[in-house]
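Here come two complexes built around subunit A, the first alongside subunit B, the second alongside subunit C.
Up next is the complex of A and B:
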């Protein structure tokens, strides 16, 4: 006997993500998810962001890792609203982990919530968390071929950030390859270059965040 | 290894449809080519996940759904040969809107009810 079903396998995740989205919208919080490989500079970018934003925006952070609270410890000096999510072994955050994490943050006091996903350019893309925008973070030492190897983040991200541009003179990274591959996938892909350590390009990034928070 | 998480989600979903007296034979899935899923890994994840359950002998079939893209420039529709090359064969630009090829859908379940 065949029982017809026709149901999204990630239905439960998507339902919780929709609930998160409603809760955040009702609280007036704009939410972004930062997706990038291990070592691409996600936490460093967030440290620089928090330091540079000053009191412009009240930012909450949910930071996901398989183990340790090191990222939360790094970010805590720069924001009173930081919570660590440990996934145990999972390669991505899911909507329920965000729902639990949100309970640790005073949403009514926040303008912007930044979710730092587990370091991984693949798995996190498939799980809706309830965010308003996905940011894909690439970095120069990873190589110029990362967009071509990770098409889904290129297609789905509201913004792509190329970090560590200060290292271009020292490593093998060809901007023509990077941008050529992007052009083959999404000609109008929004890309921003910056260095979270030297601060180059950070102003553009902060403006983008402020605009997003304003529009939200 | 998000195949494990998806297999776990699928298991929870399947449980809702299977009466205690029924034997699950096969799970039919429809998966878009844009999804980051590898079939052998997913099959292994399902086996591992169902190992200690009444569904241990069940199998999975996957119908892969090709990617269908609409060009936002010329409105033409096409199936890209490679996920990393979305160039429209008609106007040679890459302004893709994904119409089809996303999603992991539980289509149906084959069950047997002993004695019937």
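Up next is the complex of A and C:
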């Protein structure tokens, strides 16, 4: 009884995601989804990104949480195009929520749409939203074993970001373990280290975003 | 079509959880579930706990992850009664997995069973496993906004632990925000601060565990 229902839900999600992808492509908007644990620094990275990009790109944001609109409130001062999606308990965003969220944004004015998923390294990976690229965000204080424990995001991400490298002196984090696991799962895994709070490595990230938006 | 199936899954889970609870009670085992984000320090807290408890209590451990048996490997040197449960992608443990895991442990020899759930602040909260108490684990580098964003664990936990307080000097974390949110959701929320790596506050945690085991 179970499996067919789950399949239908995923099939419906994939259909709406494909529709979102067409709508975004037609509007000339390149879209990324940011996936990471609660507290991995997704919103802080977006704050730094918006401040640093200046007028380079016109960015829209859809930010997901199970409760509160705090992320949208933090991002609103840096962009006029922000909408919060509350999932009402669900552990991930789905394509229909993005479809509804897109209606809140002036797509024809955007170069880049960034979707900040619910804080969770597991559920969001399995749901296509219509994005062009998935970004997997790890952070130093989470520990060096997180890639090994979350293989799917490692395998599916267009880019993996290791955030909070400014905290390496204060915690137990072995880069050899982190990179050893990554390479054993995916030899050419694309990884970028940065600190969204100190700004270290942010230029590489901005270049990556600009390049993606140019190619899109 | 959807809702009845979900209800059946939860109903079946609740029935097996009730069965687990009876089995554990009959064996005189008090059981807690540890719920927190990836990297909140669940396994480190358990390592410190097992080392510090010495022979005070006989502790069994069931540790859940979507991949790898690294947590069980970390805990095995500190207890002879450890089993790993791999969920194969699922974002939480369920009661049947605990039922199977319990078969790997000598329940009649245990005072306390600690279940370390999959790293996730959302999904594990909704699935009863048969435990006596749920512990919600937050950690300082995740940020002061995590209680507000995860109301269900705040409302349902028998104890909330704020881990990694040794990192407060190095990150942006406002205790007034953290406690203000907690108190607005649950006036008498029971909270304990500690650092599983430095040992600060661990005595309070051990006392809490001993008291729970005594009462159980």
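As a working rule, the second predicted complex is superposed on the first by the 207 of 216 C-alpha atoms of A that agree within 3 Å, B and C clash if a C-alpha of one lies under 4 Å from a C-alpha of the other, contacts with A are read in each partner's own complex, and residues count from 1 in each chain.
Here is the rule we use: a contact is a pair of C-beta atoms (placed from the backbone, for glycine too) under 8 Å apart; a residue touches a chain by one contact, two chains touch by 3 or more.
Note that the structure is a prediction, hence the values are computed from the model and not measured.
Residue contacts after overlaying the shared chain place A:186 against subunit B, while subunit C stays out of touching range.
In the superposed model, A:122 lies in contact with both subunit B and subunit C. By the touch criterion defined above, A:155 lies against subunit B but remains apart from subunit C after alignment on the C-alpha atoms of chain A. Look at A:94: by the touch rule set out above, it reaches subunit B but stays clear of subunit C. Looking at the shared chain after the overlay, A:10 reaches subunit B, while subunit C stays out of its contact range. Shared-chain residue A:113: touches no atom of subunit B or subunit C. When both complexes are overlaid on chain A, the residue A:70 reaches subunit C alone and has no touch with subunit B. Judged by the document's definition of touching, subunit A residues 1-2, 5, 8-9, 89, 91, 122-123, 148-149, 151-152 lie at the interface with subunit B and also at the interface with subunit C. Taken in their complex, subunit B has these residues touching subunit A: 1-2, 4-6, 9-10, 12-13, 17, 29, 34-36, 83-87, 93-96, 98, 103-113.
Residue ranges of subunit C in contact with subunit A, taken from their complex: 1-2, 5, 8-9, 37-39, 65-68, 70, 89, 91, 118-123, 139, 141-143, 145-146, 148-152, 164, 166-167, 170-172, 197.
Contact residues of subunit A toward subunit B in the complex are 1-13, 89-92, 94, 122-123, 125-127, 147-149, 151-152, 155, 181, 183-188.
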